[in-house]
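Working notes, structure below.
Each chain carries a letter (A, B and C) given by its place in the written order, and its residues are counted from 1.
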Amino acid sequence: MKTIKEVGIVGYGAYVPRPRIPAKAIATTWGAADNGSLPVRQKSVPSLDEDTVTMSIEASRNAIERANINPQQIRAVWVGTESKPYAVKPSSTIVAEAIGATPAVSAADMEFACKAGSEAMQTAVAFVGSGMAEYALAIGMDAAQSKPGDALEYTAAAGGAAYIFGPAEDSLAIVEASYSHVTDTPDFFRRQHMHYPEHGHRFTGLPAYLSHTQEATQALMDLTSARPSDYDWAVFHQPNPKFPRRVAHTLGFTDKQILPGLVVDSIGNTYSGSSLLGLAAVFDIAKKGDRIFFCSYGSGAGSDAFSMVVNGDLVNVRDHAPTVRDYLSRSHVLNDYGQYLRHSRKIRLL
Amino acid sequence: MRNVGIVGIGQVPVAEHWDRSLRDLSAEAVISALHDAGDPNPGALYAGNMLAGELTGQENVATLIADATGLLPIEAIKIEAACAAGGAAIRAAYLAVASGAHDCAVAVGVEKMTDHFNDAVSSALATAADADYEAGHGVSFVALNALLMRRYMHEHRVKREDFAPFSVNAHRNAACNPHAMFMDEISVDDYMASPVVADPISILDSAAICDGAAALVLCALENEGTFPKPAVRLAASSCATDTLGLSERRDPLRWQAVADSASTAYKQAGIGPIDIDAFELHDAFTIVSALTLEACSFAEPGEGVRMATSDAIRREGSVPIATMGGLKGRGHPIGASGVYQAVEAVHQLRGTAGEAQIPDARTVMIQSVGGSGSVAVTHIFQT
Amino acid sequence: MQLPRYHRLRQSFYRLEGSRCENCEKAFFPPRKLCRECHSPDLGTYLFTGTGTLYSYSQMNQSPRGFANVGPYAVGMVRLDEGPLIMAQLTDVDGVDLRIGMPVEMVTRKIQENSAHGYIVYGYKFRPLLSNTTEALFSSPDAVATT
């Protein structure tokens, strides 16, 4: 899919909270063996006073710093998440108010499991590309919930990133083309009355994550007559360290291309924030002229693929806000599983 | 304005009065004061109280008291100035008599705090601060004072231990006061071992939650002969304010409302700090004692604590404070404290302070402070 | 905190929007309708940058009613770069040695979560300065403010 007006990313900002819980602490509580088979070493946990709204506000402020625009010029604020603080009441209005984008702004919260953030990106591209707006803000952010004792508890983390889309000229990176691949595939879901999601175990692999990511990537590359070797960097959705590496290799991307964009090894799976955070990590190191391939995945299921080329001197704006590395390196390790339970609000008074 | 004197005093012991209500406490204090004054017929009653609305669901407190003490249908009004409500009630009664509106007026302070759990009382006390920008951010009243104490320690290079004498002195004096809440003396070691509430403030830095009531009968001095006991003259009465929010002060460590109120009072009485024989200051926290001594010109900025460490504040010292326990030792039933201070000042000036007596006391200053130094009411009594 | 009251406060709570006197240019937080210095009523809105230094702090061992969910926490007074002092909770300070003078910055966090009707109150708090200029700040010998 291509836009009428050329669109680019004019600002980007990441956010990862400070607390961490080591996988070992989770394993010890549930009597799981710590024999090197735990998926990640540790994951990020929101502080007691953080949620998707507060994290989105900071990521957005970082993006505005780098974009160097007046927030009043932003015409849309879309928050893609599966951990909205309110089931009914948009998170995006609070974000819009906090960053000074109200009142001449469109706002909504989006849900498509882990690809809600890239849905917001796709919509922002369309908003700007159609000429309806000069700037639109897309956020992918989560404070992911997981059932205690479940395998996903090791990886369900918190964090994400925000992107401001605007005119391609003078942008940091131009969006060359995008493509969305969606089917009805119930690999992971949560009913309204359930606190924790259910997942389809091995069903989430081949028929879900792998197939949709591959199909979307292949389709976009066919449409743009591109090959993996045309790209300097590639970012995929990162539910665990294995899946993005596996799909990258299957598609023909190398480890070198995907490594800078892999954040899951450090902090786990930030769900709607995952691929967006990986992209921000790539922006933190990319140079003018670099081409970036991006493909998200969300359960339900679908993938959004984008082809981008770095247009501006990222190094000039990099230091205007904390980098992904800055956030990854600041950490406060929680002492024990009990503290983690309190932080992730799993303790209910009977 | 004509001269005013105090001809009757009454007080209930400060304690956790599980068996006495707001009504019981205030009635007892008022009846006791009226009796001390020979049972006159006051024309007005002013009731100092801060928390009855929030903690007892009772406003219209002055009417309640007038009703309970057989004083209907006199003028009766509740006076609120946060923790300075007691001092403010005295001021209202003073103005009523000084102006000629009434020949005899009652000032009563009452507070009933112990019917609630601590967190509810803490919330209620925070209404003295800025509701939106201080209490609304979860900053407790203790924390406001803790921020001041830490800053003071930083700017003036003093240690926590240097504040201990304020607490030790208060409890030493309280031990001589049968109406005091705390009758045991404490040591510096006790102070240093005391649990921290909001650092650096510990339990022994802070006045405790309690119940109490105290009352005065004021009359025009020209009529003092008609009362059984000689009047203690009200030589000064003054109230001043500063910003509600602590962070909006020009210098948070300089309590300007206290300074302004004190300097006006000195002028009214035609005296200076050197003439004060005893000072019942608002020692809700040890840091407040230090800041008050400085703002009232007893010490230079940063030297307030040294008045404590040098024992100047003891009964035998140059500026005795909290002579019958103060807010810390006798107790701090919020809206009543200012009136307890007056009752104790009168005892000192009548020579009836017992073991706590300051020899030859002729001039006693009392001061009630509301919020984090946002309103101050100062009175000077003389014989 | 009641809903309409919270709604009125949102600009100052979310973004540190205060006031500035058009006449004498003094900036204020919280916002005011009357200048404290020159008493002029001509006050416009002013957005503070949110950076400053820690003027004082205290770790509260008990949270007041309604704040238990995010507590216990530290509170502080911050000297904003533009001059005014501001009172707020401190955040991201677990395991951090607080000291007067340390550089801090404003972040928007949850202040209260169990208000009467169950809605969330968001507002400003301050955390130790985090930016990738932090290294440069601390490597300079005279960079740390002493007030």
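Odds and ends about this structure:
Keep this in mind: contacts are C-beta pairs under 8 Å (C-beta built on N, C-alpha and C of every residue); 3 or more make two chains touch, one makes a residue touch a chain.
Computed from a predicted structure; not experimentally measured.
With centres computed from CA atoms alone, C is the chain lying nearest the middle of all the protein shown.
For chain C, the chain with the farthest CA centroid is B. Chain A and chain B have centres, each the mean of its CA atoms, that are 59 Å apart. One inter-chain figure worth recording: chain A and chain C are separated by 29 Å, centre to centre, where each centre is the mean of the chain's CA atoms. Chain centres here are Cα means. That of chain B falls 33 Å from that of chain C. Taken residue by residue, chain B touches two or more other chains at no position, since every residue touches fewer. For chain C, the set of residues that touch two or more other chains comprises 70-71, 73, 89, 111.
The part of chain C that touches chain B in the complex is made up of residues 1, 5, 9, 12, 28, 30, 36, 55-67, 70-71, 73, 75-77, 84-89, 100, 111-112, 121, 123. Only residues 18-19, 47-51, 53-54, 57-58, 85-86, 94, 97-100, 318-319, 321-323, 326, 330, 332 of chain A touch chain C when the two sit together in their complex. Interface residues of chain C facing chain A in the complex, by the touch rule stated above, are 10-11, 14-15, 47, 69-71, 73, 89, 91-92, 94-95, 107-111, 120, 122, 125, 130-133. Contact residues on chain B toward chain C in their complex (touch as defined above): 118-120, 122-123, 126, 130, 132-140, 142-144, 146-148, 150-151, 154, 196-201, 243, 245-249, 252.
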